[in-house]
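As written, the chain order gives the labels A, B, C and D, with residue 1 at the start of each chain.
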Amino acid sequence: MEIMNVQLAPNNARLTCYLQDKSDAMPNVDIRPAALVLPGGGYQYCSDREAEPVALAYMAEGFNAFVLRYTTGMDCPLDKSLQDARAALAYLRQNAADLRIDPHMIAAVGFSAGGHLAAALGTQSEEKPDALVLGYAVTLGATWAPMGRPSEPNLGDLVTDTTPPAFIFATQGDTLVPVKNSLVFADALADHDIPFALHIFPVGEHGLSLARPCTSKGDLSKVNSDVARWLPMSISFLQDIWGALGVVSPRPELRAQMGGGKAGLDVPFKRLLKNPGAAEVLQRRLPEVVGILRQNPLLKGASLRQLAGFMPDAYPEDLLRSIDEELSKV
Amino acid sequence: MEIMNVQLAPNNARLTCYLQDKSDAMPNVDIRPAALVLPGGGYQYCSDREAEPVALAYMAEGFNAFVLRYTTGMDCPLDKSLQDARAALAYLRQNAADLRIDPHMIAAVGFSAGGHLAAALGTQSEEKPDALVLGYAVTLGATWAPMGRPSEPNLGDLVTDTTPPAFIFATQGDTLVPVKNSLVFADALADHDIPFALHIFPVGEHGLSLARPCTSKGDLSKVNSDVARWLPMSISFLQDIWGALGVVSPRPELRAQMGGGKAGLDVPFKRLLKNPGAAEVLQRRLPEVVGILRQNPLLKGASLRQLAGFMPDAYPEDLLRSIDEELSKV
Amino acid sequence: MEIMNVQLAPNNARLTCYLQDKSDAMPNVDIRPAALVLPGGGYQYCSDREAEPVALAYMAEGFNAFVLRYTTGMDCPLDKSLQDARAALAYLRQNAADLRIDPHMIAAVGFSAGGHLAAALGTQSEEKPDALVLGYAVTLGATWAPMGRPSEPNLGDLVTDTTPPAFIFATQGDTLVPVKNSLVFADALADHDIPFALHIFPVGEHGLSLARPCTSKGDLSKVNSDVARWLPMSISFLQDIWGALGVVSPRPELRAQMGGGKAGLDVPFKRLLKNPGAAEVLQRRLPEVVGILRQNPLLKGASLRQLAGFMPDAYPEDLLRSIDEELSKV
Amino acid sequence: MEIMNVQLAPNNARLTCYLQDKSDAMPNVDIRPAALVLPGGGYQYCSDREAEPVALAYMAEGFNAFVLRYTTGMDCPLDKSLQDARAALAYLRQNAADLRIDPHMIAAVGFSAGGHLAAALGTQSEEKPDALVLGYAVTLGATWAPMGRPSEPNLGDLVTDTTPPAFIFATQGDTLVPVKNSLVFADALADHDIPFALHIFPVGEHGLSLARPCTSKGDLSKVNSDVARWLPMSISFLQDIWGALGVVSPRPELRAQMGGGKAGLDVPFKRLLKNPGAAEVLQRRLPEVVGILRQNPLLKGASLRQLAGFMPDAYPEDLLRSIDEELSKV
């Protein structure tokens, strides 16, 4: 393994790069997915407990890992930290070949304030990571208020169709960063049909990191075998969207959900409505349906085929067929 | 084992009781926790895939199980189904000794429409179960609208401090019952400090039941080893709140969260504010804090001790001590 | 579910049949695999802790289950208990259609003395189950000696090519039935190329059953989450050999290992040598190899192709090809 | 993290040291357990697939890791490789403080030939590691014969009371190193009452390493989620004997089994017999029992209390009490 410390302009943030050895015996890992680890610490410092041990956990599953010690401090505006995260992401993409990583498989893995930073990178930044892993992350502006940052936005409000898929976990026993931070962000992802996983565990205080002995600092309340399942579940999630190292394929369902794909009877209304051509077909051929969807946005997850299943008389087969034909051309 | 079918007044709903054998070799299971299983089926029917196999999964962990085939049908008002669920719960409580169950350890385990019924039992009913397990449950009124039930309430709006703890799971691939149904209900529980677990998996269609081969009806898309972890995780959750059969203790954190406990510096503001005496102390001694909490309800999860940690100058030790003394007397 | 008690001739042993309900919603479980549960108890009694709870654990994975309370007692010869087990197996096979089970997917699941009975059924009986699950089973004759049964055989000595595949687990902390009982039986299975799994856990006394709270009789030393993994691992094992309920296929490797298959360069020597035709080809064409195998039986697991890989000069391609041709005809 | 390459005398074998960063935030990991990783490769080379990825898997659980590239080659006597392993172990012990490891928590983790080397270090070496992790390890001399090493001993024959505890796994589908290698070694450990875990999985070829995508070299047959459980199970095993990083205690049962402890009625005969004083008491007071144990060594795992339970008339309470008193003084 090679350990490399890089100073990133303009703030001299330190990016520690953990690069696994290349080996002829393992050609499938010549290029690896990447975990960009963003430790927490209330933007006051970067916690070691959420740095190297997390990098190692991802490396043990085949990732190359990168720990960013971003700029922090009472007087440091969050923009400056975000600048560092952006610089790290750009560095990874620009040097992907040298770092032996796939520039389209970069997960930003952040905890607490670092989770805020990861989520900001996924919403407030032009260039975005390819996935987010958010541990007890702050996303609600109000959470910052008592720490003297009164006007931070709710990151969930900034979610768009280009926000990357996200794995989210938190514990209800966390009194510092209430789980609402995770719930509201997940809700925004759901609204935009962005693939996500959400795991809220009932027991556990703030800052569990891996919830293993090695990140517990000797405190039994920071070891929790239920919560510790978040790490392998996050690996599963990233495999679902990216596949794994040439032996596991991505889940076709998520590929379809993320990738657009062709318009048709089986495509959820919400995806059709984002496609101007398909939206025009729906509006012209089924204006009453578009009206219902406007009144009841919950239904947008269903497809025309599903709707017709409920009301076969209203939507006979030949009608469906002719609409399908039109959709296939958009 | 004894299988017993009971007809419940007034609608003649059928309750199938699965009672494990009593044995002198296992005195710790003379009295067992109970799972009241409420299958789904859109209030049109009760799905076998979410009935007996689920009962067996809980029995294998030591529960006695009860499957309710509640009244359904296009023209059946949901109140009638709820009447059945209430009758089943009352039957279990009234006959707890004969059924060899603990009348204070009854979990209502429902799926889809049955999950709606379980959640309704936990919110709209005077007599409530002791825990809820909600699988891809409907909780938003709008979900019912296209099925001809336009005016159902959002069950999350009915959550109060007396709603029981809930284990919730769903899959984002579920286009029939969008995950928002689970997110919004969990959010309401969070607001009321009710212990809950929430697991949303990215992949999986509606109606996975146990997500094991035995509930798949031979359809591979209904087998998912990630989603299948909900069952053991739900057992963990119920153990966290109840303990298990004399050998596992309940988690003291959840006991405290549920049970009130004594007022003091370490108790979250939200619990203090629900206690009139403690609320009076706070209002009198720290009116500015109460003002902040009113403006920023997110902070109510924190305790006075945590707040003082951030601002030691504003809240010196002797002030804290004297407030603690007052709180300890309420 | 239907519970049925059957008295089996000639000893009136009681077989409790647990038959899951049939449902049009789950056509893939019209026919289920079967678990014939044989509780332990030193042939003095049948332990409830290893009876119904185990049946339920298998039912929760889709099995129909059958608990046999075989004849026991200080003066009862083991043959009589074996007679009961044989009768139960025959009953299951003869009534497979009525019991809705596959007569070729019957696992005998035994613990301690019941594990001895299961292993005896797999070795000393003409009619054999299709798989064995052996929990801290007695297989060594010497284990019985101090209990007044001085002349029981070592069941490992009776293993033949027709012994069914076996899942075996035990704990080293078991001072009553030393793990050697499991090791020696597994070794005999290995010698005969019978598929098996073996899991010996370091910690745990005799008689853990499922190692869950529900089988602990309130004794914490009988709950062990590591050991409790035996049950799902046994389900995996049975799926590897049988597949699962129309959605999971059997492992082709095990099918090949069990089923013979065609002779050829890739087939382990030990399987070739059991096939008289193939053995003749080997003896004639490669007498020196047969000699080596006789001296070093460990090598019998390798194939001719593997051997040639080590020594390409001694076994050139055209030689291999011509031998392969001969083998393909036997 | 610091990566350090050390050349070890006398053969210039390369030891790569992976030392996790020290941090004030995690005082409980100032000193860590150590994994000395010994890759396989038939003593012809050291396989990268069993080197760094394995080191990372242990580091992710809190270990510092050390990969030894020992001397190999057709003409290299195995003694020379063992010399390297001994040198590595001595280096770790002598530099424990600098390497931030506990010199009494060093596990030798070897695979295939590297597993042979680990087992040799635990049996043929004066200075021994504190635990062994053996993956599809060669232990039977006959396995080496066809590779031109005809006179290697069976390592199981060299097991003594000072052999360290061992975690052992293998797959029955391994035709290169038959599972008998693991079975026979485990049997020797059982005979000497050395704590061990043994996991033999039915499916899987030779050389699975972690059985994860990252060690698969892109070959699906080298990914197996059942077999992949060996790594966390090995962590559990090492925690059972050593505890974990100040938050998990060692299992008292294993401590007792390893450490001797006081003589008494509840101590297995085999431990009593190793203690000269206790052996004398037994021989004098219960010569007939010592005779039985000589004839039936299997019984040595039982205690006098257990024996008396079977035969209360032969061993009345006051006899037991007086023997206990004598034993307590030895």
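Going forward, contacts are C-beta pairs under 8 Å (C-beta built on N, C-alpha and C of every residue); 3 or more make two chains touch, one makes a residue touch a chain.
Everything numeric in this text was worked out from a predicted model, so none of it was measured.
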Chain labels contacting subunit A and also subunit C: B, D
Quick one: point me to the chain whose Cα centre is farthest from that of subunit D. B
Whole-Å distance, subunit A centre to subunit B centre, using C-alpha means? 28
Report the inter-centroid distance (CA atoms only) between subunit A and subunit D in whole Å. 41
Please set out, as single numbers or ranges, the residues of subunit A touching at least two other chains. none
All chain pairs that touch each other: A-B, A-D, B-C, C-D
Residue ranges of subunit C in contact with subunit B within the complex: 1-3, 18, 20-21, 23-29, 47-49, 52-53, 56-57, 59-62, 212-220, 222-223, 239, 244-248
Using the touch definition up top, name the residues of subunit B that touch subunit A in the complex. 140, 142-143, 145-147, 165, 172-176, 178-180, 183-184, 186-187, 190-191, 195-203, 226, 229, 233, 236-237, 240-241, 251, 253-254, 257, 268, 292, 296, 298-299, 301-303, 306-307, 310
